[in-house]
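Structure below; questions to follow.
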Amino acid sequence: MNKMMTAEPMMTKDDVAALILAAKKQSGLSWAEIADKIGMSPVWTHSACVGMNSMPADKAQALVSLLGLPAEATGVLEECPTKVWAQSIPTDPCIYRLYEIVGVYGPTIKALIHEEFGDGIMSAIDFDMSITRIPNPKGDRVKLEMTGKFLGYNAW
Amino acid sequence: MNKMMTAEPMMTKDDVAALILAAKKQSGLSWAEIADKIGMSPVWTHSACVGMNSMPADKAQALVSLLGLPAEATGVLEECPTKVWAQSIPTDPCIYRLYEIVGVYGPTIKALIHEEFGDGIMSAIDFDMSITRIPNPKGDRVKLEMTGKFLGYNAW
Amino acid sequence: MNKMMTAEPMMTKDDVAALILAAKKQSGLSWAEIADKIGMSPVWTHSACVGMNSMPADKAQALVSLLGLPAEATGVLEECPTKVWAQSIPTDPCIYRLYEIVGVYGPTIKALIHEEFGDGIMSAIDFDMSITRIPNPKGDRVKLEMTGKFLGYNAW
Amino acid sequence: MNKMMTAEPMMTKDDVAALILAAKKQSGLSWAEIADKIGMSPVWTHSACVGMNSMPADKAQALVSLLGLPAEATGVLEECPTKVWAQSIPTDPCIYRLYEIVGVYGPTIKALIHEEFGDGIMSAIDFDMSITRIPNPKGDRVKLEMTGKFLGYNAW
Amino acid sequence: MNKMMTAEPMMTKDDVAALILAAKKQSGLSWAEIADKIGMSPVWTHSACVGMNSMPADKAQALVSLLGLPAEATGVLEECPTKVWAQSIPTDPCIYRLYEIVGVYGPTIKALIHEEFGDGIMSAIDFDMSITRIPNPKGDRVKLEMTGKFLGYNAW
Amino acid sequence: MNKMMTAEPMMTKDDVAALILAAKKQSGLSWAEIADKIGMSPVWTHSACVGMNSMPADKAQALVSLLGLPAEATGVLEECPTKVWAQSIPTDPCIYRLYEIVGVYGPTIKALIHEEFGDGIMSAIDFDMSITRIPNPKGDRVKLEMTGKFLGYNAW
Amino acid sequence: MNKMMTAEPMMTKDDVAALILAAKKQSGLSWAEIADKIGMSPVWTHSACVGMNSMPADKAQALVSLLGLPAEATGVLEECPTKVWAQSIPTDPCIYRLYEIVGVYGPTIKALIHEEFGDGIMSAIDFDMSITRIPNPKGDRVKLEMTGKFLGYNAW
Amino acid sequence: MNKMMTAEPMMTKDDVAALILAAKKQSGLSWAEIADKIGMSPVWTHSACVGMNSMPADKAQALVSLLGLPAEATGVLEECPTKVWAQSIPTDPCIYRLYEIVGVYGPTIKALIHEEFGDGIMSAIDFDMSITRIPNPKGDRVKLEMTGKFLGYNAW
Amino acid sequence: MNKMMTAEPMMTKDDVAALILAAKKQSGLSWAEIADKIGMSPVWTHSACVGMNSMPADKAQALVSLLGLPAEATGVLEECPTKVWAQSIPTDPCIYRLYEIVGVYGPTIKALIHEEFGDGIMSAIDFDMSITRIPNPKGDRVKLEMTGKFLGYNAW
Amino acid sequence: MNKMMTAEPMMTKDDVAALILAAKKQSGLSWAEIADKIGMSPVWTHSACVGMNSMPADKAQALVSLLGLPAEATGVLEECPTKVWAQSIPTDPCIYRLYEIVGVYGPTIKALIHEEFGDGIMSAIDFDMSITRIPNPKGDRVKLEMTGKFLGYNAW
């Protein structure tokens, strides 16, 4: 089918992410500043901007205003994303280290959750995360804090 | 070669882990209590007990005394482990959720580290982690906190 | 290490599953009958018996009594399992068809959940399932019913 | 070959799916409403619209009329699709949970089908499915119901 | 658990297959002769003997009598097998050629089934197959014939 | 390099396949009718048309005349194809069932070929196949017949 | 099943290969000498000894006599092997280099076979190979020569 | 970045390969004839033309003159290629047979090289190959001859 | 979304790499010369030019001046790259040999690091490398030297 | 076959490696000391001891004497190993970092080798390596030095 047939090609989350990155560069705002201005956390804000989370209508509207995005972007930011990652084992060193932590400490986290809470998991849906800098004379540290609701297995 | 040829078959980290799990069960101690008695954190203690980290000599000795393990176990606990995990994508739901978090939030963590620290990574070697329960009326939450030294890329 | 060193080799979930299958065969009981006698559903009962779920203490005790299992089995049935499946794409035709349904209808299920509930998932933890026979003149049908709690994504 | 050589580029199922999504957005209809208007179920309707099932001629015609699609779309909706999914293990959390259910409960479903019906499978071809919301004070639940014809293995 | 705990280790399909192969060797019977004596086809008979299909009770009994297998084997032959193959791409040249035929002619078979029958598949469950030798002056040929019930997709 | 540099972009097998599919649709001919008109079988004809086999010059010429393809297509149909399939395990249910048959019955086919012919294989090169409908009151059946030359292993 | 139940455990090709390697070591014979004594080539002889080819009865008998193997080995050497290799990409450098040659020169070999013979393949079944040393002042060279029957694609 | 920014888009090895194939078709020359005219072997010539080897300057010049390629192609033919093949297991039957030979005979080739030369490999870099037709009344044979320098492992 | 919507398409690291390669070709400079002129090492310089490392602002500026790149390239060279490699096992022989060295000598390097430094790793972040030619009458040698900071595991 | 049939089970490289590790532990010698006493480098010595390289007869004899190994070990150390690594992507962090270096810097090493030497590779066979500690006030560094013969591609 000729692409021209679709009179109104729909904007995708990738399109909006590209617009946001360009507008952010031009504005000189950091992710922390953008997050602050729309009243959300930096982790969630970045994630929703690059298309890995959906925005509530008011937050989408606030972001579109802040960065001067086209109005159509509001609806796109509100859509439920399909979360896809192409590399089952990430190659980028910064992301791989996180994967390695899951490989090394995954069974430990599982054992300690079970001991404390019983059989179940930490939710990755009812979940939040923050990243902060911890000053340290031997070299500053990255601190990741995440909490997820404990979900116990159902027996029926 | 007949296995009997090796007069002194060496104890492995897997052997010691099995001994620890059996002794722990018999003693009724939790991981938190064991960790407390040897003066270390629960995450590190469990990890070293199941063979994913090496113990300093004094900690290995303290653990062997606490759980009444054979003396040979001390040296085994001190050995540098070869960290192996068999499933590149974990199937256990409790561990998979951690993998999913890396897939969904990995690029976000990377972007925020770069914005705050510059090009580099959070070390998974000079690293620590804790797990705590956060009481919550809507259901208690699991809190994971991890810090790793920021390592900046070298330019030469 | 000589295996004989561990005076009390611990019973595993696999050991208990083998004992249950042998006792079930001898008893002539069906899964539905076993489930009924311990007051649980057949799906959950089978799953916990083969080591894919943990049993509450009273249910473990009831099962051990019913099938005449060794007392040690009670504790093993209560342990939190590590859920592992070896084939990322199952080969058995009966299980593969379920995998195929996920491949074909997964995006459809996702779209309809999002339309009805908003961004989120059906929990596989707070979850239950039943299997029933639907008589049909053209050939009886298998009916699978599953419900899982809707979990909405957190925005923070 | 110059693409211009093919005087009449054929519309594909992907093209039609894109047209349907755009028309659906503009019309403000839900999948349930579209399904209702063409007299089919929401699951099947969505699946056929995104190209994972073929439509009988009258249903294709009804859909084309309802959404004002080009006439050529009718034939495309009737074509037998080639069902392809790119990720053998899905990453999207909503779809992954379904995959996880197959991994955890697949052997249980198999055992219970065999006990009830004998050796065979639940068909994924002579198959139907529905998705409904189950109100629940602790949080509403997603209910998936599917039935498939039991197919017994042939012995010859 | 000490293996000795299970007083009655259960015979598996692999055990029975090994017993059958040994008895067949000793008896000098071909698969065709064994199949003939139990009144079934060679393909199905071999498949059930090596544990890829389940036998009706009378056929299992006939086979056990014919080859002088232990009585316990009858029940094992009747069990529903879990069909597992380890190599997603077979390496043995005789089996690989079949895989190659699926790769080369799969889309062609699909197209011709659709043209003749409409949207659907050839069942691999309600299925049979035979293998015969076709004499040919340029070299005899192997003939594979298989029929499977056409299953049309359900629209609901 | 600018694509315009190649004054005469060569037509590929994919281009010709697309032209054939469009011309076939317009002509209303079935694969069986096309095959009949060029004096070949439907399986081979479809396979060569979609680029998985090469055509002898007279057959290529006959096809080009029949469907009114550009003259350049004749040479393309005669070229030796590179046979590529992207999915090592096919997802389309119609093709997957064939893959499943190879997994389940591959070792059986191998055993029966060896018993009848000795060590060797059924050729997938000196090979032919037909697909026919077998009327059956319980539902018509798809019949696949294939013959391949037996090739015995060389000992040297 | 208790392993003791099978009164006569069957010798496998792996067992025979191990016996041959031990006998070869003790005898001090090279593969070339063994091959020469049974009147076959070194490549084929080694391949059949390690279980990747089947031996004609007279050659199996000759080998058993030469190396003083148990009589039962004769039949095992005659059996049709199932050819399995575990690493789809070999790691051993000596074997990997052959894999690399296929990757680098495979399309070239294909093109030149097609130009010389038409559409078809070099058989890996009706096949032979030799390995010789080519003296060379810059360092001796390994020479591999292989011939396989050209098999032309069938058109039907 | 707009592609137009790069004023001089560089010709790639793929571009040159396409030009060569088109020029070869027009010229009617075979690979053997092209190779002969530039004074090299057919295997190497084809390999360098399709971008899997680099050409010495004089050979590149000779080829460009022979086929009337643009002058820029000379430098491209001289570049060191990055050798990439996309399928770790090739699907094309002509190339797969070579892969199969490595799987079946790889350990044999390794054993015979070690017996003749000691520990080391046949180089795939200091390497050459030829392909010839061997007339044979039972069907002509393809002969592949390859020699590679023996490289012994270094001990240091 | 229409691509034209983004008024200022952002230059990517791939775009800049292509510009650098073109400018380098035109300038006739070697990597060693470019590195020398910006006061960095050849390994780091190449790596940063092809987008696998980020440049400090002054080095980016120096490179842009040296090669006459557009000003926009400066900022792109300073960006933190996402390091991606597509082939988990590289096919190019020059790169594969490095992979092979890791496979063969990885456990040896690990053992010697542990013996010398204790439990930990050689950093791949605080890391440098050089490549030099070692003249040798038997054939010159490539020398790779790399140093990385030893990072000891944290115990907490 | 009953294992007892092989009167003289052969010692394998794994057996010898286990004996060496036990003897090394008992002797208190480091790898550097063992290497020094047999007049070889630590990297090569460790590699040959764990079965990834073959030892010349005199070195094998020296090692056997030094560590008091059984005489049979000498021959085993001289055998040509089959180099196998199980993880195509290593999980151990110390080894993974080396893999990461190949991924990040592989194309750079390739480019610089080509610029300096022309088309070819660094041999991994005619190869040596050393590991040393570089004192550094900011933390000592691990230095890896490796040299391999440059092997230029053959044109023929």
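General observations
Order as written gives the chain letters A, B, C, D, E, F, G, H, I and J; numbering starts at 1 within each chain.
Assume a residue touches a chain if its C-beta (ideal position, glycine included) is under 8 Å from a C-beta of that chain, and two chains touch if they have at least 3 such contacts.
Remember, predicted model here, so these are calculated numbers, not experimental data.
Shared contact partners of chain E and chain J comprise G, H. Comparing each option in A-D, A-B or A-J with G-I by residue number, the pair that reproduces over half of the contacts is A-J. If you average the CA atoms of chain C and of chain F, the two centres end up 44 Å from each other.
Centres computed as Cα averages put chain A at a distance of 29 Å from chain I.
Each chain gets a centre from the mean of its Cα atoms; for chain A and chain C, those two points are 32 Å apart.
For this pair, chain A with chain G, the centres built from the Cα atoms lie 55 Å apart.
Contact with two or more other chains is made by residues 10, 43, 82-83, 85, 88-89, 91-93, 100, 103-104, 107, 110, 114, 120-121, 123-125, 127, 151 of chain B.
Screening every pair of chains for touch gives A-B, A-C, A-D, A-I, A-J, B-C, B-D, B-I, B-J, C-D, C-E, C-F, D-E, D-F, E-F, E-G, E-H, F-G, F-H, G-H, G-I, G-J, H-I, H-J, I-J. Contact residues on chain F toward chain G in their complex (touch as defined above): 40-41, 43-44, 48, 53-56, 59, 80-82, 107, 110, 114, 118-121, 123, 125-128, 151-156.
Across the interface of their complex, chain A is touched by residues 9-12, 15, 18-19, 21-22, 25, 70, 87, 89, 91-93 of chain D. Residue ranges of chain C in contact with chain D, taken from their complex: 30-32, 42-43, 46-47, 50, 52, 83, 85, 88-90, 92-95, 97-117, 120-124, 127, 129, 131, 133-134, 136, 138-151.
Interface residues of chain C facing chain F in the complex, by the touch rule stated above, are 89, 91, 93, 96, 100, 103-104.
Of all residues in chain E, only 1-2, 5-6, 8, 10, 82-85, 88, 124-125 touch chain C in the complex they form.
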